[in-house]
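As written, the chain order gives the labels A, B, C and D, with residue 1 at the start of each chain.
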Amino acid sequence: MGSVSSCSYDTRTAVLTNRQAVRIAWGDCDAAGIVYFPRYFEWFDNGTHALFDKAGLSFAAMTHLYPGVAIPIVTTRANFILPSTYGDEVAIDTTIVRWGRTSFDVQHRLLRGEELAVECFETRVWTVRNSEKALEGQAVPAEVIERFRADN
Amino acid sequence: MGSVSSCSYDTRTAVLTNRQAVRIAWGDCDAAGIVYFPRYFEWFDNGTHALFDKAGLSFAAMTHLYPGVAIPIVTTRANFILPSTYGDEVAIDTTIVRWGRTSFDVQHRLLRGEELAVECFETRVWTVRNSEKALEGQAVPAEVIERFRADN
Amino acid sequence: MGSVSSCSYDTRTAVLTNRQAVRIAWGDCDAAGIVYFPRYFEWFDNGTHALFDKAGLSFAAMTHLYPGVAIPIVTTRANFILPSTYGDEVAIDTTIVRWGRTSFDVQHRLLRGEELAVECFETRVWTVRNSEKALEGQAVPAEVIERFRADN
Amino acid sequence: MGSVSSCSYDTRTAVLTNRQAVRIAWGDCDAAGIVYFPRYFEWFDNGTHALFDKAGLSFAAMTHLYPGVAIPIVTTRANFILPSTYGDEVAIDTTIVRWGRTSFDVQHRLLRGEELAVECFETRVWTVRNSEKALEGQAVPAEVIERFRADN
């Protein structure tokens, strides 16, 4: 599977999604009584890891299959649309919406019922530790991308 | 001072900046030994609060001068350029780079010596709690903007 | 029900317990790859809140039934017996093991399978905000204690 | 210096202390507007690390001098006496109050001006990774203990 086709298939219908339920805890909220926004990024990071798990690429599996691999985040942006507060039950849907040659974009949608409350996009790079112990961007293996199809 | 002139003066040379020294703690790092990225947002949020303090707008002063005011974050984006690790001493420069009518953009630059390691922009809205207890965007008072000139 | 009898019944068999499942996240771990210990206290605090929820005393219910009530923690102690790491699935059992007149002790047991990995005891006080806006310790209402019997 | 004399000298007057200034940040507080207690443990952990730094035992120095060493926490207990809130400036004094053969006790005192607001004791063990990659308690080297005398 080439990167062209992987980029062009409809990500809205065909890709693997991880749904994470979060119950807002007392300590997630700030003195205004709403979620302290850095917390969202913890849950989004958890979402990316959980999505890889679901694709059969747990940390242990990743390390076994691709020694020295890491997927550092290089950029993130988030829109905070609706606040959440202590005791709220929300869901976070995480999916990969773009595969580049060495990078990929992850989308996180935090939902309050049907409403989108926070939306986040992050770009990560597929890197492998080289002989000089530096992380080096490399082409994402086609079989990795394949694992994120929904029918896996 | 009207909002037009406040928007057009050169923010690069003339505006108030807060410099925050951060020594990376053991607990700021993840299992890869580098700063767990949600932590950056905690420091950036601290930077915005510290900048307002420096402008004479501590939380107490804000609440006294502008009852019911809040400056919620509506969007943020960050670029992670260089990682930092336990024991590193970094500096975070925070400044307001744009004043809109009801919103403003804050820039955070995390520096390792002379090098830019993380860059973040956030947009916040000047809101006041109305009689229905809802937060309502309002025009940023001109005297607030004036406080963020560097010669204050 | 008097406080004497409430103190003396066998807490091991008769009291309400909350079981919380926690999957250790990447960001829960420090640079040594094991859970950064302050995190445990977040989960234990969540456990206490969840136990009160389970007893029908959600934050909203508490505030409704006992205006101005709060249950601040006054002391905590924990023993870290076995470390946990990224991806581990653990369970935290939370129960109230002692009712005093104005205070009570909560026990948290973090289990890895059958093994006790972390044990924590916290003492909290039943306080009500008085007319001077200060928190004042008061006798725990008997009907509150009653709610934490297991057969509720 | 033998371990007997190191244990018996008066720790109250003679030992190295680290003072850490903390300004309570917005995100350190919970929905009740006071410090969310797990945060205290982050600062206390930072205090222990800073004390070792001050004794000339930074993480890098430790690892160089004592390959495979770690000082995991095995127990902690804290008393929360006075709350702190956003904007408060507090100080945390950290010192080692007991040296055992393989373990030692660290005391943290969080002060609001002259008043003790939070007090914490933690016990840590001097461990070295053995050939089976397990952490093994070992006698604390006498020259390590010596470094925590105040006249260093």
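Note that a residue touches a chain if its C-beta (ideal position, glycine included) is under 8 Å from a C-beta of that chain, and two chains touch if they have at least 3 such contacts.
If you're wondering where the values come from, they're calculated on a predicted model, not measured in any experiment.
Asks: If you average the Cα atoms per chain, which one ends up farthest from subunit C?
Replies: B
Asks: When subunit B touches subunit C, do the two copies use mostly the same residue numbers, with over half shared, or different ones?
Replies: Same residues, largely: of all residue numbers at this interface, over half are found in both copies.
Asks: Where the centres are mean C-alpha positions, what is the separation of subunit B from subunit C, in Å?
Replies: 36
Asks: Could you grab the centroid distance between subunit C and subunit D? Build each centroid from C-alpha atoms only and quote it in angstrom.
Replies: About 26 Å, centre to centre.
Asks: In whole angstrom, how far does the Cα centroid of subunit B sit from the Cα centroid of subunit D?
Replies: Each chain's C-alpha centroid was found; their separation is 32 Å.
Asks: Where in subunit D do residues touch at least two different other chains?
Replies: Residues 26-27, 32, 36, 38, 42, 45, 86.
Asks: For the complex, give me every residue of subunit D touching subunit B.
Replies: Counting only subunit D, the residues touching subunit B are 25-27, 42, 45-46, 49, 58-60, 86-87.
Asks: Using the touch definition from the top, list the residues of subunit B that touch subunit C in their complex.
Replies: Within the complex, subunit B contacts subunit C at residues 26-27, 29-33, 36, 38, 85-86.
Asks: Where on subunit B is subunit A touching in the complex?
Replies: Per the stated touch rule, the residues are 32, 36-39, 41-42, 45, 70, 72-80, 83.
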